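Next, two complexes with chain A in common: one pairs it with chain B, the other with chain C.
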Partner chain A sequence: MIESIVSTGVAIGCIYALIGITYNVMFSASRVFSFTAGTLGMLGGVLGALFIAQMGVPLIAGFLLVLAAGAVFGIVTEIVAVRPVLKSLDQHLYVLSTLALALMVQQFTAIEWGTESRPFPRLFDIARSDFDQEFWLPMLACAAVIIGLELLYRFTLVGRAFLAISEDNYAARALGLPERGLRMASFALAGMIGALAGFAGGEMLLAFFGNAPILTFYGFVPVALGGMGNNRGAVVAGLLLGLFQQAANFLVGGIFASVAVFTVFIIVLLARPEGLAGASLQRRV
Partner chain B sequence: MPITRRQALGSAGAAIAASTLAKPAIAVNDPIRVGYLPALTGPSSSTGIGINRGIQLAVQEINAAGGINGRQIELITRDTQSDPTKAVNGAAELSHGQNVSVVFGPVNSGESLAVVPLLARTNTPQVHPCWVDTLTDPQKYPMCFRNAPTNQQIGAAANRYVVEVLKRKKVAVISDTTGYGTASVNAYVPMLQGKGAEVVYQGNVDAANPDLKPELLRMQSAGAEAIMPWSVNAGFLSRIINTRGNMGWDVPIVGQTTLGSGQTKALLEKPEYWAKVYPNNFRNVCYGQGGKLPERTTAFVDRLKSAKIDMGDTLLWWIALGYDSPRMIADAMKAIGPEPQQIVGYLNKLKGFPGVYGDISFSPDRHNGYPDEEVVMVEANSLKDGAFNLAPGYSS
Partner chain C sequence: MDAAAKLRPRRANVLGSTSTFSATLPLLVLLLVGLGFPLFGGGYWGVIATRACVYWVLVSGLNLVVGFAGQIAIGWVALLTLGAYTTSVLAAGNVTPAFPPYLALAIAATVGAVFGLIIGLPALRLRTFYFAITTLGFATIVTQVALAWQSVTGGGVGVPGPIFPEPFSSQWGFYYFCFGLAAICTWMTANLAASRFGRALTAIRDAEVAAEASGISKPALLVPVFLFSGAVAAAAGGLFASLQSYITPDAFTLDLSVLFFIAILIGGRGSILGPLLGTILLTVLPELAAPLVAWSTFLYAVLLLVIVLAIPGGIAELLDFKNRRPLASGRAIIPQPNLIKQLFDEPREAGTLTIERLAMNFGGVKAIDDLDLEIRRGQVHGLIGPNGSGKTTILNVISGYYAQQHGAVRLNGTALQILARRQRARMRIARTFQTPRIVGSASVLQNVMIGGTVDGKGTFVESLLSLPRHRRDEDILHATAMLALATVGLDRLAQVRANRLQHSELRFTEIARALMLRPAFLLLDEPAAGLTTEEIERLGALLLAIAQVGTGVLVVEHHPDLIFDICHHVTVLNLGRLLAAGTPAEIRSHREVVNAYLGG
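== the complex of A and B ==
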């Protein structure tokens, strides 16, 4: 039982953490929570199955195509659903615009791909085991993204520019940074991370249009618990969420597992509204 | 402006003249219009595509043989696109705009739930194959008939198989959290208990839950001797089958037809995991002992082959159901006429219409025409040309 809780819990937690990072990367560049993050995860699984299993594209090429599709969807999200509402952030219109785009893509996928789960290809031809690739692939993807983002933000000019606009986009613009271009690049990067989450978790979640709302929902929990814009917090909270959810599956089971997860979520937010790793905002009075 | 006596008399005369003009006579050779509401596109279209193959063949055969007393059948088709709203629009157009004699369909329950009350209000005879129990009611919908089983019959057949044929007394019943899943569990658990079985596990689980091992371990520790999943979600069903296989648990899985679908098969980790999985099906379209179909069905399959109709990518019972429906309606029209009341009067007394899919009978109080005993269980891993072998324990 413990092995199953750990392997499945950590794997699913890594997928939630990656979706949480997708939210954060988009948030850092625009101060917008784009609810297309779960849709990106769903597309990663569906497009992976489409390219590799159905169209016979080789693994590496199929993987790169999925990342490219994620980047394109990220850019489309920025142009269609985020940019038009940036001037009225205080009205939170982005909730409607990003949700509408997510629903449109989800319904389009249901019509074109079908409403049934379809198999995601086994990426490596190795025998099944207790610690199967369906568990370690999301862990590997999560580790790669954390390390990649750290390297990007610490050691590259573009990464520092991302940080600059996330800290203060007015000041960044005043210094001559191309804010719009950096925002689009951030959405493209977020798109790739979201698609990677779905691709790495495809063997576990299958290629299913209905994964979009689930990932949108559960992927937001690490953001809320870990602190908005805080990637390390999202990873820790995502892993805790996955482990707790899997433990609840074993201990209470059925639909009560979800009830248990959200009961704890609400209690944590009541105790620490800024999230477990978030800092409380100072407000000038 | 005041109306003069002359104007009033003139208007009255014109009105009388108009009302006494003869209505245009319907030419005796005009085609008989039959409305048809399949889902040929959209997410729930696989059933409609299969049924459509049978419908088209039947109408071709009827018309080639001279039609209905010399009149051809004109099938007026409106694709519902798997969308209840479009199904309602199609039904309204068929009954008001096209003046069809009868409507067959919709072929999915979600669409029928919207269409049945509408066609009842327009007094249009309707035949549909949808399983939701409330979709026939001779009091509320006196012109609506079902030539397929109800959900109650589907559940009862599975329960009979588990308790009476497999002799399993401790049963685990699981469903997803959809309306269909939860309603099925609520309906079938008391039926099982009424048959003397002990339901040792009962649960509803989110269909997207990627790990069902906790649920199956709970069933195993409760001593379950059979698992009965109720869901139309291939992902959910395949996870149950895969988890059972990975646990090395030799317990039969008995339930809904989707257990035997190609989508479920595609999601299995190993083909051998499909053994001891028994979905619902229908006796007349199943292979019996010696791998033979019943005589009537063999002749039908030969006709399908000669018409070059593909059976490999669909299910035989869908094609058979489609084939039977216009033939049953045509029989009614041949015997008594194409007017709505005539069709309903005939169907209310129908006894043992010899369909390929099943023998259909109705009465004024019973508009569910499919016989209980023809709902059976089959071996999921025996699919060949759209049909399955009867599950172990049935006589041919």
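== the complex of A and C ==
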């Protein structure tokens, strides 16, 4: 039983962590938390099922199409919901504009794809085992994203430019960095990460439009607890969240597992609004 | 209040204008239409109309949270669910002995109030997106619990909704029951909106710093708002369950939350009529064409995006014809300093505000370094110095925005508590800001009335029900605000929306707001910045008059002319230290000051 809790918990935790990283990548570039993070995860699952199971696209091509779709949605988010309100005096408009966009996509999916959850194809045709691909795929995706981001930020010029923008937007612009281009690139990158989360977790979460608000919420918990913009904090908090949720599920049953998660989330946030990792608060200027 | 009475007191109302009739007219028309609705609406439209009423009961309360307090509560459907299940389960009696439906509804409202507070409390500590996510999380969880807790909620099978006994059991009977509650909610929230509580909510939303300086306590204000909002939302849930006649968790999707939330934003923040129209619109819209039903939430989301990007003011701003008439150009601000005596009509004692050995650093930078200062009532005290010399920092320490590392600020000898900025208003220490902090969507008059919030006597409930003490508060605040506006020379712009004013007018508005406290000490942060020479002269005369009635005025300024014309005492700072202090004449001839700052 313990193995089952751990493998499910870690796998789910990896998905939450990936959505958390999606939030963070968008936040670093724009100081905006976008409601579309969970929507991206939902799209990863739905589009994966659509391309591979329904349209019969080969695995690799289907995967790349899903990532591309995520990137496109990321860019659309930036253009439609973020850029127009960044300069606005009312600093909270982005909450509403990204919420509106997330809802539009979610509803569109509900209408065109259906409101029932549909199966996600088995990606690799190997026999089921205790440690099945539905568990190790999200873990693999999470590890790949963490390593990939680390390499990007450390060794490439673009990655450093991302860091510069997130550290100090004005200074970066004064140095002549193309702020708008970098922001769009960040949103495209976030889109791919979000879609990857949904794709890798597709076998667990299924292709279901209702995953959007659930992932939006549970994916934000690691951000809030790990400290905003802090990817390592998000991974640790995401894994803890997944394990805690599964353990609570096993111990107190389905009804109160989510209540327990929610309660812990609220209590931690009220006690430490800056997150457990304790990154200092920054006001969006 | 003799003088104040001359300026006819008249309460501001729903739309913030004093012309009560034109503002309440739309609500009266809606009331008549609603009462007469059964005459021309048949069968199915009766259900739609009842649904609109039920939704409005919830939205009216949520409007205070979202539209007035500006808290982004997107998961309010959770309270509807809670109320619906509480009422249904209690009335059905499958867990407890069966309760009469009305009692069940009342219990649901009480439970809703408690949960409204629980959902709302994080808003006191968390910022916008965090709060939005928290409410969203709560909404998903309540639905999950409703699904899983089968022994009580019937799980996916659901429970029958309550049936309210005669005379409200028939379709139209139930309609009138819901309509009556909706009308009461409209009346109560409109009362509140036009009270000091409603204005304080908008101040927290748009100008939190100014709200604090006016002594407005966010927790004390938001707690009753969340209680009220939760109670009416849960009551709406009970009505909703009865209207549906059978409820399952499927009935409470996030789509409903979106509808409630968007109805408010489409209507316009800080309005009652707007969100009311928004609710009716969104309830009726999907019924006009069959394909719209499936796409309704999608359309709401599109509407939300359009509203956010194109018309942030919503319907209320579109309907605000009064404020579309162009204002007279080249209007002058002519203060009437002689009115100040009417404003400060009580005898005032002497007193001092002293700063003792104050030191404050930001990291390694010494912003203030061992400084002493004394401000006496009845005098104008000028504080000048180059940029970065610590002038504004001193002002922020006095008014409780910064915590000093050493030293104390004493009012008549008693040390002021560090960072207790809301207490300053009760101690009659008022201030203005370098950049005016104004509620742009409220009228100038309402902005000024915000300054007098701490002087209200009535409670939240008294304002909801428009009881005598509330009305007396409003009359006094209104009269005082008009007097303050006349004093600073803006009485003709009282009804204008504040975001239409010029910069200089906003500065005088802030002074009027500060005067509402009848301050013992008035701290002004660069009041002359952006003013014309004539306006600076008039400002000087006004400040002198304010000092003459026994107020200690501290002016942080860059304009030497203003300082030397009106100050009784001038302190010159450089790099956080005292460079010179004395009368204007002494300072003007002080060699170091002339070299360092004034120029030869």
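Everything below uses one rule, namely that the second predicted complex is superposed on the first by the 278 of 285 C-alpha atoms of A that agree within 3 Å, B and C clash if a C-alpha of one lies under 4 Å from a C-alpha of the other, contacts with A are read in each partner's own complex, and residues count from 1 in each chain.
Note that a contact is a pair of C-beta atoms (placed from the backbone, for glycine too) under 8 Å apart; a residue touches a chain by one contact, two chains touch by 3 or more.
All values derive from a computational prediction rather than experimental measurement.
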Joint occupancy of chain A by chain B and chain C, clash or fit: clash
Contacts of A:Ile60 with chain B and chain C, given as first, second, both or neither: neither
First (chain B), second (chain C), both or neither touched by A:Pro84: second
First (chain B), second (chain C), both or neither touched by A:Ile126: neither
Touched partner set for A:Leu157, first chain B, second chain C, both or neither: neither
Larger contact residue set on chain A - chain B or chain C: C
Touching partner for A:Asn211 - first (chain B), second (chain C), both, neither: first
Contacts of A:Leu93 with chain B and chain C, given as first, second, both or neither: second
Partner chain(s) touched by A:Ile111 [first = chain B, second = chain C, both, neither]: both
Touching both chain B and chain C, residues of chain A: 111, 214, 253-255, 258
Chain B - residues contacting chain A, complex: 42-44, 177, 203-211, 213-215, 217-218, 233-236, 238, 263, 266-267, 269
For the chain A and chain C complex, residues of the former touching the latter: 33, 35, 80-81, 84-85, 90, 92-93, 95-97, 99-101, 103-104, 107-108, 111, 213-214, 216-217, 220, 224, 253-255, 258-259, 262, 265-266, 269-270, 273
Chain A residues within the chain B interface of the complex: 1, 4, 8, 12, 110-111, 114-119, 128, 204-206, 208, 210-211, 214, 246, 249-250, 253-255, 257-258
Residue numbers on chain C that touch chain A, as the complex places them: 70, 72, 74, 121-122, 125-130, 132-134, 136-138, 140-141, 144-145, 148-149, 254-255, 258, 265, 294-295, 297-298, 300-302, 304-305, 308-309, 312
